[in-house]
Amino acid sequence: MLLSLMIFIPLLGMIAVLLLPRESEELIKRVTLLFTLIPLALAVALFISYDRSTAGTQYVVNVPWIQAFNIQYHIGIDGLSVTLLLLTALLGPICVIASWRNIEKGIKAYMALFLLLETGMLGFFVALDLFLFYVFFELTLLPMYFLIGIWGGPRREYAAIKFFLYTLFGSVLMLVAMIAVYLNSGAPGARTFDIPTLITLASTEGHALNNLNFQIWVFLGFFVGFAVKVPIFPFHTWLPDAHVEAPTAISVILAGILLKMGTYGLVRVNMAMFPQGLDFFCNGMGFWGNSLALLGFINIVYGSFCALAQTDFKKLVAYSSIGHMGFVILGLSARNDSGITGAILQMFNHGVISAMLFLLVGVLYDRAHHREINGFGGLGTKMPVYTGITTLAFMASLGLPGLSGFVGEALSLLGAYDKFKLLTILSTIGIVVGAAYFLWTLQRVFLGTLNPKYEDLPEINGREILTLVPLGILTIVLGVWPNFAIDMFRESVTSLIGVLQVN
Amino acid sequence: MTLQHYLVISAILFTLGIFAVLTRRNAISILMGIELILNSCNLNFAAFSRFMTPPEDISGQIIAIFGIVLAAAEAAVFLAIILAIYREFGSIRPNEVDTLKG
Amino acid sequence: MVVFLISLILLCPLAAFAVFGLLGLGNRSFQRQDYLSTAAMLIALVCSFLLLGEIAPDPEPHTVNWISLGGVTFSMGFYLDSVTAIMLIVVTLVSSLVHIFSMGYMHGDPRYPRFFAYLSLFSFSMLFLVVSDNLLGIYIGWELVGLCSYLLIGFWFEKDSAADACKKAFLTTRVGDVGMFIGMMMLFTKFKTLSLYGEGGIFALVASLNTGDMVWLSIAGVLIFCGAIGKSAQVPLHTWLPDAMEGPTPVSALIHAATMVAAGVYLTARMFPILTETSSLVIAYIGGITALIAATIAIVRFDIKRVLAYSTISQLGYMMLGIGAGSYVAGLFHLTTHAFFKALLFLGSGSVIHAFHAMHAHAHDDENDHAHDTHGHEHDDHALVHDHGSEIPPDQDMRNMGGLRHKMPITFVTMLIATLSISGVPFVFSGFWSKDAILGGVLGRAMEWNSVHHYLLFGIALCAAGITAFYMFRLIFMTFFGEPRNQEMHDMAHESPKSMTVPLLILAVLSLPVVNILWFNEDYVQPPEQPHLHAPQHAYASPDSKMDEARVTLSLFGVSEAVAAEESGHDTHGAHADDGHHGHGPAHAIAMVLSICAAGLGIFLSWLFYHRRTLSAESVATTFRPLYNLFWHKYYFDEFYDGVLVALTVWKARLFAQFDGVVVDGIVNGVGKVTRDFLAVFIGVFDNRVVDGAVNRVAEVTWAIGGKVRRIQTGAIQTYLFVVIAGIVLLILIFRAL
Amino acid sequence: MEFTLKTFIFYGFALMTVASALIVVTVRNIVHAAFSLMVTLFGVAGLYVFLQADFLAATQVIVYVGGILVLILFGVMMTSERFDMPIQVKGHIERGQLLLGGVIALALLMLLLTVIANTPAWKNLTDDGTELPPTTERIGELILNGPFLLPFEVVSVLLLVALIGAALISRKEVRD
Amino acid sequence: MQPLSNIESLLYFSPEILLVIFAAAVVLLDLVVKDGESSAVAHLSLAGCICVFAAVLITHFSFGDEGPISLFLGMVRLDVFSSFFKVLLLLATAATILFSLRSDELDARLKGEYYALLLAITLGMFLMASSTNLLMIFISLETVSLTSYILAGFLTHSPRSSEAAFKYITYGAVASGTMLFGLSLLFGMTGTGDLGQISVRLTELLASGDITPLAVLIAITFILAGVGYKIASVPFHMWSPDVYEGAPIPITAFLSVASKSAGFALFIRFFYAGFGNAELMQAVDWTLMLAIVSALTMTVGNLAALPQQNVKRLLAYSSIAHGGYLLMGGVLLTSEGIGAILFYLVVYLFMNLGAFYVVVLIANEEGTEMIEGYRGLASRAPLVAWAMAIFLFSLTGIPPFAGFFGKWLLFAAVLEQGYYWLALVGLLNSVVSLYYYARIVKAMFLEDAGEETTQVSFSTGTFALLSVFVIPTILIGFLNIFYTFSNISASVIPMQ
């Protein structure tokens, strides 16, 4: 019930916003904020009451939905989803606040779409029925398309449609795989979309789902779907465009949540449901056995180097996201507790950190109206607070110990090294390059002599700080005490690893 | 006078009809081709009715009669449309009626 | 109690920083941040002294579970042994003194509070590194000090050179850190833990490895050492340290002389038990080479801080050499003595620079512009000794100094003490003892193992020692002796305020051997076992045998009765072998004599060149021009990195970006194009304006193709009919064939 | 097969049908084509007679020749200022069209002939010449009181629709 | 069950009879009312639709429970399948009447004849959905076709309309002639016109070797030409873009939905009842042929739609593509496949008619069917723009809209039969389709209207009608009843 409330309150909010008159902009914003704060409050309640000692799903609701196909409205959370659910609930109000001033036209539609998006994201993370899962997955697509396409930058149309096409391409393959799983899940009439049931079936000896060949293909289908979302090379080219064009808050959501949907899907479906397929792709033997880790490696190095070459601040952050998501892939492919824990932490942390980064870019963009890194210089003297927060975010992102980014990265690498020695060692290049592009950016934007054009650049204001502080605190807290987050999913990871044991 | 005789004649008529439809440069010629096609069908029905069904079953012939009626109706509408085309385009050469394309 | 004290040590500076951080959010700062930070540091200092009494003979780490996973746990904790305790004192002591010094030195800086906040953060990080009982903790502290170093080097970030330098420092050390991280991954994968001490710690487990794992262990050891290479500015990653002198001088003293750079040595010492012969040798060589290279470069510098920076690198190489040669105690001993006298040197130079500050303030703007234009490149091959000074701030250029000993007596005396100490002037200066301990250790190992490597290393170290004496006295002569070279600046020079001279004096005292008493207590610091390091043939020789000699000598001079009293107990603690004890007796004597000779020679030459001016530096430089160029250009390391590595990286990044834009997008767009082309041919849909978006460029081509190809949806009805009939025929034919 | 007068006449009709149809599709003059079509339709009617479909033959003559063909001629006259629209228009497109049309029609013919020749059920079914009773009465019975009532009624609706439609479309636009 | 006699059948035939009566009444009323008062005629036609709707329900529920009934001595059948289509077709007809009322394009020409023709074509479609005899099939097909020709050419003052009619009739005549030839071959092989018997006879003859698979193949292919032309499948689709573009918008909407639905009804009935048994399949694997045709159809439709600038024409190609999707369900010979088709048709009805309704509205307001006319619609008429966006995304098949559920059913059915390649082609096609649908969305939402940003206001009736399409497009997927209904229909498909 708690979860259902959480999912559908934003939807209610959307209806409420739609009913408000278009002119009362302040009211619309407040109502939206309210309807995003309620899920946050619920999330806090969830965080407090969540039972950390079990791997099982909690707060389960399971009611039939479309009986003809045995589709259920089955939701619940376990350790894997709860962290991301909390993150989503947190970023909701932050993004609303971040959009407070810089959305000029059509605030009503914007807020309504945003609330719809939030419903989609929240629903996605709690869905335990594959069909429901897919519906929520796709539900995020439309609002995102409009949010980028209407409120984006100069090339927004291109970016929006590119995003849409890529994602849809991935998700249709996923749909095929999903139907294949459904059809193989049992005799007609006894088929199911229920994820926990499917996981059990997939590990039942002799069941149609427990077949290496089948699992490999289905794995691939789902994988492409999620890979586009993550995004994994070579499906990533939508990301920089989408990020560059999207308005700040939407970039935040995109990097903070939408990318996580891909990796979450990988864990929830690809790993848990197809351990044999997974084994094929990351058992460390031959090309295929290294392929998943290889993709992770490519993402890390490729994303980092691309980021190094950027001169657009936002694009740089976007490419850095690609690099950071590579650590998630690498960690997941390790299939051991440190790898998977690291990956999940990295998901969460990247959600927080990249959200910060995009918010920070937005702050600068709102003032200077451009994002050309070389066009700034010496801002450190004019905007010390902003510089400080940016430095914090950069440091967190480049994996400075003591901040959250490090823990995820380090655990992923530690885990991955166990299985993929060479690839992991090569992946550490990403750490250096990561530091390089962030420091270089820091230097070009904040250090050196002040660009006289920006003598009068106003310091970051209270509203903007308000959006950044919770994230900053999370960054530090999770860096200092990662168990805070790990406690939530430790048991789930353990049980997942149990599932992954392939004989 | 075997069945195959009729069928061959019918097939030739059909093919000629198709040929006319494909190549004639006048809408009315195309209509004639269509009539040839329909005639070949009717001939088929009549022939099959004679050879393939019991003598007392003349349903094939009746189908052919309906075929003639339909052909008549079609011809009427076709000509009406040709007149409309002639009015709008000043030509009934089919390939000149090509404003809709792509 | 231990936990409490250590927590207090850590929390005080952290709290001082936190105050700044929280207020900073509101763009305000605590006006007396300097007092706050200094007070925090002093509390930490007191606690550190208190900790001395808390050292257990066989200490156990105090840990908490930091990251607990299903199967693995990463703990975080303190480990307090004598080395830790000494390091704590060194760090807190130097840090406190630097805090005090900074109150004078940094006075009036617009970001004055921030400076102290950063110092606090640094102190916290460094102390955290020191007390950590596990590699992960060390790594965390390691990176955090790196951050602080970054922030402090770039403290005057308006200067482009400072901005460049801080980035360079962070990145260069990070390269080493990655190596260290890989080493950690190796160890973790093997042992499933990163804790060093205790039952399940790495050191306990490493002992159980068999000979088959030696290659692996050597690699792991070297990789961990990579971290030290970066952080302690060893060749080839040393280039950041001279540049780091862009930071305020107290920072150079604290971070880039006394503590952070020494952390690498500390780490290597900590990892002593996992070192094998191979990795030890690698460490020794890198240390030795660094010592020599840095010393030679230092000869030709004119920037007073750069000279000291290269000197630091050189001395760090010494320490590494010592540890690599098995002289654990000697290495750490040198670490502490060096921390004091090098901090003293830097602060002294700071004092000199401060003396020129008024002048500096005048020239500041001009100089800044200058620096902007030409920074980073030294290109004037012809003007050998001539003014490359556009990159050297005038207040740091030794060629502007001279004769300051009258103007700044305290600074002069204290710096002279430090110089004597670093040069290895015998007996009364701590530097002599620690350096000698290393030299003796190396020679001892060489004789013990009859190892060519170690003889070679000893030679290198000896050369370096001589050169060190030479360039240090060059510095003293150029700065404090002779006639003022720049009268205008000279007139402005003045002795520094109390807040600056007092720390100098304290440090000068600390440069006397007596205060390093703990090192002479055999009980106090014991080298840990090295289970996988074996002498080739002979039994293991105590690397610290030189200590005995030191103790004997000290007692002879009556400097320390206490130390002498310990001597009797020494043999029982000759943990490794008694029989080796006799073997290296001669080594000490030889080493000591040679080192004194080398130092003397260096000082003498320096006197000839720079005081008496009997010999002309210029003419020598001309004679040995290639060599001079090599030194002047710092062995071309920077050029190499700039030219090759950086270019390669940037080029690669560009390539990748190109790849992304052209190839990956291109493939995707290309697929679109091909699809479209096919369509143009088979369906002929290309009448209309081609859609926007990805395929715009492709569209023109396609459109051209489309125009040529006869379109099928022509609008001509007979075409359509043809398609129908042809379709029927084809369908039939295809399916007949099937 | 023995060669009787009947078969001779049959072949005559067959030849007439096919040949005139060929003229229909090839002749340049559209009026000539229309007259050829008349011959074809008559030929087919004759074949119906051979098939003992007397009512069908009559309908063919009345409806086709009497109705449709006249309609077509009207159409020709109303739309054409020139009657001799050449088939052989210069230009490769037209020639290509002819060629392609010929090829595809030939292919179709080959297919049909293959089927006709190779279907066992259709082989060797000779018209034994037995006289069947006239069909008219039975047809009336079947249409008005048999299974063909519904088609008959529907066709009447269809014809009505065609009537209305033809009138609608062919009339001049009054309002414009 | 024994077919009912002609007299007995009349009762069960009341919907069709009512249609004829109303058609006649409309023509008569038109004589009475004054010029320009044509809405009365329209309302009478609407009333007719409602009456017929009631009649369909009554006949279905009072008599249809005994199972399928054969009427008129086996000419037509009354079963759930046909009732389903009758309801569907009536909805489309009613919607078209409403569109026509609101369409400026047709305004001047709205006369009794128009509505009478609409009702007549509905009659033809009813018969297409229920015929079980070759002759009846052909006659119903011709009724629909002839009426369509007339309706497409209804705007005699418009060259486009006339051209559309001309192309339509030429194409249609050839296609139906070809089909008739195929029917004659079928009749010749089996000696009967009854679909059920044809199936039986074909099997026997094939088994005995009296006919060759090639003969059956040719017959099937020729018949496919006729059916394929109705549902606009490749390679028989080429008339449809031109006709759709030229015809009046309401008629285009009607053709793309109703005509296609009826075509599918006929297709399913014909192929399943006539050729749908295993022995015959072994001789002539027409499902494979259909699978290829289906893949080609959706690909050609989608790809050709990409560069279109005329929304009507774009929707024409889109409708071809949808025909391809629907055909996928037809290759399976499973009740799931049929159920999926039926469900998709329902969904398609709402979303496609909705989209066309918006086209009507924009054509009225802007006087254009080009995409440019849609620029900035979101700011001028937000509700209409959002409705259009919903229709288009539903057509693309994006959750949570009904189109997704429809596609889902289709793909699930296809995959179940192991046609992975076909499903993949279909899904990739829906990605392609996004591109052109999104172009309209883009124009509406992402582009500015230019200088004139006057609000366009529509009447309440317009919004009411729009919501009639929007609400089902959003909700259908979430309601169980539709699945149930389509499944029942599928279970009664005309397997004998």
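Note that the chains are named A, B, C, D and E in the order they appear, and that numbering of residues resets to 1 at the start of each chain.
What we mean here is this: a residue touches a chain if its C-beta (ideal position, glycine included) is under 8 Å from a C-beta of that chain, and two chains touch if they have at least 3 such contacts.
As the structure is a prediction and not an experimental result, all values here were calculated from the model.
Path length between chain C and chain D in the touching-chain graph (shortest route): 1. The chains touching chain B as well as chain E are C, D. A comparison of C-alpha centroids places A closest to the centre of the full protein. Judged by contacting C-beta pairs, the busier of the interfaces B-C and C-E is C-E.
Annotation: 43 Å between the Cα-based centres of chain A and chain E.
As a whole-number value, the distance joining the C-alpha centres of chain B and chain D reads 6 Å.
Look at where the CA atoms of chain D average out and do the same for chain E: the two points lie 31 Å apart.
If each chain is reduced to the centroid of its CA atoms, chain A and chain C end up 37 Å from each other. With touch defined as above, residues shared between interfaces to two or more other chains in chain E number as follows: 135, 139, 142, 146, 149-150, 153, 156, 162, 165-167, 170, 174, 178, 185, 188-189, 214, 218, 241-242, 308, 435. Contacts with at least two other chains are made by residues 7, 14, 17-18, 21-23, 27, 30-31, 47, 52, 59, 62, 66, 70, 73-74, 77, 81-82, 84, 87, 94, 97-102 of chain B. Contacts with at least two other chains are made by residues 157, 161 of chain A. Going by the touch rule set out above, the chain pairs that meet are A-C, A-E, B-C, B-D, B-E, C-D, C-E, D-E. Residues 18, 21-23, 30, 94-95, 97-102 of chain B touch chain C in their complex.
The part of chain C that touches chain A in the complex is made up of residues 21, 24-27, 65-72, 136, 139-144, 147, 150-151, 154, 157-160, 162-164, 166-167, 170-171, 174-175, 177-178, 181-182, 184-186, 188-189, 368, 372, 649-650, 652-654, 656-657, 660, 664-665, 667-668, 692-694.
Chain E meets chain C in the complex at residues 166-167, 170-171, 174-175, 178, 214, 217-218, 221-222, 224-225, 229, 234-236, 238-239, 241-242, 284-286, 288-289, 293, 300, 303-304, 306-309, 435-436, 439. Within the complex formed with chain B, the chain D residues making contact are 1, 6-7, 10, 14, 17-18, 21-22, 24-25, 30, 33-34, 37, 40-41, 44, 47-48, 50-53, 55-56, 59-60, 63-64, 67-68, 71-72, 74-76, 78-80, 85-87, 89, 94, 97-98, 100-102, 104-106, 108-109, 112-113, 116-117, 121-127, 130, 132, 135, 138-139, 142-143, 147-148, 151, 155, 158-159, 162-163, 165-170, 172. Of all the residues in chain B, the ones that touch chain D in their complex are 1-9, 11-20, 22-29, 31-33, 35-36, 39, 42-43, 46-47, 49-52, 55-56, 58-59, 61-62, 64-66, 68-77, 79-84, 86-87, 92-93.
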